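What follows is chain A paired twice: with chain B in the first complex and chain C in the second.
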Partner chain A sequence: MKILTANFVQCTVKACGSSPDCFPLHFDQQTPDLPLELAHEDVDFSPEFICNVLPRIEWPALLTTARELGNAQLPDTKPDIENPNAPENEQLLRDLHALLLETQIIQGSMRCANCGHIYFIRDSIPNFLLPGHLVQ
Partner chain B sequence: MSRPEISAPPEVFYSDIESKKYTSSSRIQHIQASMTLRALDVLALPPHQHILDIGCGSGLSGEILSQEGGHVWVGMDISPSMLAVALDRDVEGDLFLADMGNGVPFRAGTFDAVISISAIQWLCNADSSNADPRKRLARFFDSLYAALKRGGKVACQFYPRDESQTESILNAAKSAGFSGGLVIDDEESKKNKKYYLILTAGNVNSNDINLGGVKIDKSAVMRPKRAKKEESRKEYILRKKDLMRKRGKLVALDSQFTGRKRKPRF
Partner chain C sequence: MKEYLILLAQKHESFRKAELEALAELEQVAVDLSQHDENVPLLYVTLDSEEDARKLIRRSILARSIFEVWGRGNSLDSLHADVKQRTSHLWPEYKQVSFKFDIISYQGSRTKEEQREIVESFSYVDFEGPIRMKDPDEIFTIVEEYKTPLSPISGGRELRDICLGRYIARSQRDIIDMYDLKKRKYIGTTSFDAELALISSNIGLAAPGKIVYDPFAGTGSFLVAASHFGAMSLGSDIDGRQIRGTAKSNITTNYYQYHIKSQLLDTFVCDFTHNPIRPSFRLDAIICDPPYGVREGLKVLGSKNPERYADKLPTKLESGDLSHLRPDYIPPKKPYHFDALLDDLLLFAATHLVDNGRLCCWMPTANEDYGDRQIPMHPDLELISNCVQEFNKWSRRLLTYTRRPRDSSTTTQSPIAKSTRTYTEQFRDKYFRGFAKTKDYESAV
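Coming up: the complex of A and B.
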């Protein structure tokens, strides 16, 4: 799962629906038999996509996720990019691209801060199937 | 060919063997590709969008999303075997093992568009004793509406079993707040007839959707609403009395005085 997707995914338990704590899901508690594993995967660089998706990114949540995954070097405020093709923005866009699209969470677990449900990620696929008692 | 929906739940039906067969069949590949292209054609998206693929399976439709316009996509499917095939094929999108009937697990305004090829008819089935298709449909469309940005678009190709399934899907979509309707391709052909549910969230100009001359069939919900506005006071009273009678309430009999104004001496 990409870091970008981790910035959008929220708890799917119905009771959590209106709670502000169900987003973002936290990576701070990992189980020993499923240690956190990250990988780098090359994706074609497209500055237009980054610019399209940047306004929708919740920056504080991204900071939390990055910190829990071991990266504390992000700026505190969301960078502002107006022109995707300007040369001075290129390095920033490439950094964002590498963080959001090329960093993959291969395995680990995500925790909902509201209900405490843990979602496991295996082979980079998070499991969002709920046990029967949480469905209703 | 019998319908897969009636033989088993999706995660059971698409087993390891069936998933491999499905993905390697060149006939299915061709049909899936042409339906995905058609759906993209209707949506008329600008390049580099963030798209959700519901029932992505082995990523046959996702592949096309990556190729056409360089979209970034997230796919969700309930069958682990299908997702395993997608992993083997090394698709570019993110994959989720999730049940669409429990809602899509994304926060508000995540996606520019949603695409779904041959999937949402599965929602009309109750695969376990505690599953209510109506509730699952409602939950699916409600969460889908939330996960789309305002002005987002949805194209779902599906195989309804009969008229009532189409209707329940349309009604669920409209009560979630979507506008739009059904586009039917190859209407005369029994075998190649294809249903596309085309929806928009929030206000979108109808020009933003490329219908290419086909008309969206909107009739499903518009009719009762208009009828309500035009009815007279007496008709309103009769309709409400009828409704209460149907619910088993004790209601006064209709007479010539029903819905009449009282004389001024009262």
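Coming up: the complex of A and C.
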């Protein structure tokens, strides 16, 4: 699962939907059975895509996710990029590309701060199915 | 402004106009497609430039090729008159290029001798360049279409249309073969026909820079199709086995097979009625074939015996572990109504699509009782096309909606509401009783 995806998934328990704590899901508590594993995977760089997706990013949530995964390099506020092809923007776009698309969460768990439910990621694929007692 | 001729595939005719309209919007090409006739493989259009002609067709699956019209008529004589009148000023420009002539006939054919005679009848253009059958600079094509003969025996051939065109460009129709399911490494029982998946992606305006989502991704047929056109694809499914595949054969390996790995955003396992994508996140398109329960029974999270979970406590195993934390835990599921799922899908699309973003959704219908009332609607989504693929007793339709702009006055300002309609017999029930009339069915059982 990419960091970009972590920026748009929330707890799927219906009762959590109205809580501000259902997003983002947290990586701060991992279980020993499934230790957090990150990897770098090359993805072709598309400045156009990063520029299109940047307005959709929840920046404070991205800061939280990045910090929990051990990256504290991000600026405090969302950068404003008007021209994706301007040379002065290239490094910033490449940094965002590396963080959002090239950082893979291979395995680990994500926790809802509202209900405490834990979602597992295995083989890079998160599982958002809920157990019976959280659906009814 | 010049006239161009588009040759169209004689397949999936009801999708052709919708695909070209989508490509015109995507490529920002001004074109009037109102002359399109589903019974005719030729479509004449007027375009600003040759550049626009290339753009309009370069992603098309259902167009074959596009030509600059040098003349047209309903007989060889009227064609010659039109060619002389329209293009005599162009002939010096092509005097020295290498060239060849082709003849394409619809609903009829010509002998080699007749073909040579026709080609030679154009000798007045006086081209002096070399004739090259392979890779010539220019290809001049005579396209003729005959009226369908009343009976095959009478054999009377009457021309409806004959045209001389200068070849401009071809479409992407040949990639259908590359994406053919027979050659794809990872497929399943619900894998979707490659040609129609690619057409769906064109109609859904999949393109570089965009995020396309398939909430019923299965083995990822729509994901690879959208990614072929440059979109970042996101897929989910309630069936984790399909999303994961096996170590050697899965959605990711299909992406490697087609050399588009960078276009796969992510896949995840979820139930559509408990979708994790936050309501404030915007998607550019949703392209899907929702499960109508023939190949895969339609299930969502929940239990047939809700009392079992009434205490809202997790199930504890004898070992003391909580069952749902085990890696092999399988959550309970309950059957769901297809129409209810479609209503959920429209609500989700209205919430998540960008303004003017598209929802392309396949829906099966039994031919006996199809009517407009069956098409699901949402006030924030405008139905822009309804293309049909016919089978014997049923058909499936590709419904395409566009998200109305949020500041538009046509938008309902009331909160997005869930539909309250009542649901009738399921498509799968009709399918399994062979679409017989209910009365016959009841008397039979």
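Note that the second predicted complex is superposed on the first by the 136 of 136 C-alpha atoms of A that agree within 3 Å, B and C clash if a C-alpha of one lies under 4 Å from a C-alpha of the other, contacts with A are read in each partner's own complex, and residues count from 1 in each chain.
Keep this in mind: contacts are C-beta pairs under 8 Å (C-beta built on N, C-alpha and C of every residue); 3 or more make two chains touch, one makes a residue touch a chain.
This one's a predicted model, so the numbers in the text were calculated from it and none came from an experiment.
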| item | value |
| --- | --- |
| Touching partner for A:Pro131 - first (chain B), second (chain C), both, neither | second |
| Which superposed partner A:Trp59 touches (first chain B, second chain C, both, neither) | neither |
| Of chain C and chain B, partner touching more chain A residues | C |
| Contacts of A:Gln10 with chain B and chain C, given as first, second, both or neither | both |
| First (chain B), second (chain C), both or neither touched by A:Val43 | both |
| Common ground on chain A, meaning residues reached by chain C in one complex and by chain B in the other | 1-2, 4-5, 8-12, 14, 23, 43-44, 46, 48-49, 52-53, 56, 58, 101, 123-130, 132, 135-136 |
| Complex contacts: residues of chain A adjacent to chain C | 1-2, 4-5, 7-14, 23, 42-44, 46, 48-49, 51-53, 56, 58, 101, 118, 120, 122-136 |
| Chain A partner contacts - residues on chain B that touch it in the complex | 47-50, 70, 72, 74, 76, 78, 83, 87, 92, 94-99, 102-107, 109-110, 112, 128, 130, 139, 149 |
| Chain C - residues contacting chain A, complex | 208-211, 232, 234, 236, 238, 240, 243-244, 261-262, 265-271, 274-278, 280-282, 301-303, 306, 308-315, 323-325, 327, 329, 331-332 |
| Touching residues (chain side chain A, partner chain B) in the complex | 1-2, 4-5, 8-12, 14, 23, 43-44, 46, 48-49, 52-53, 56, 58, 101, 123-130, 132, 135-136 |
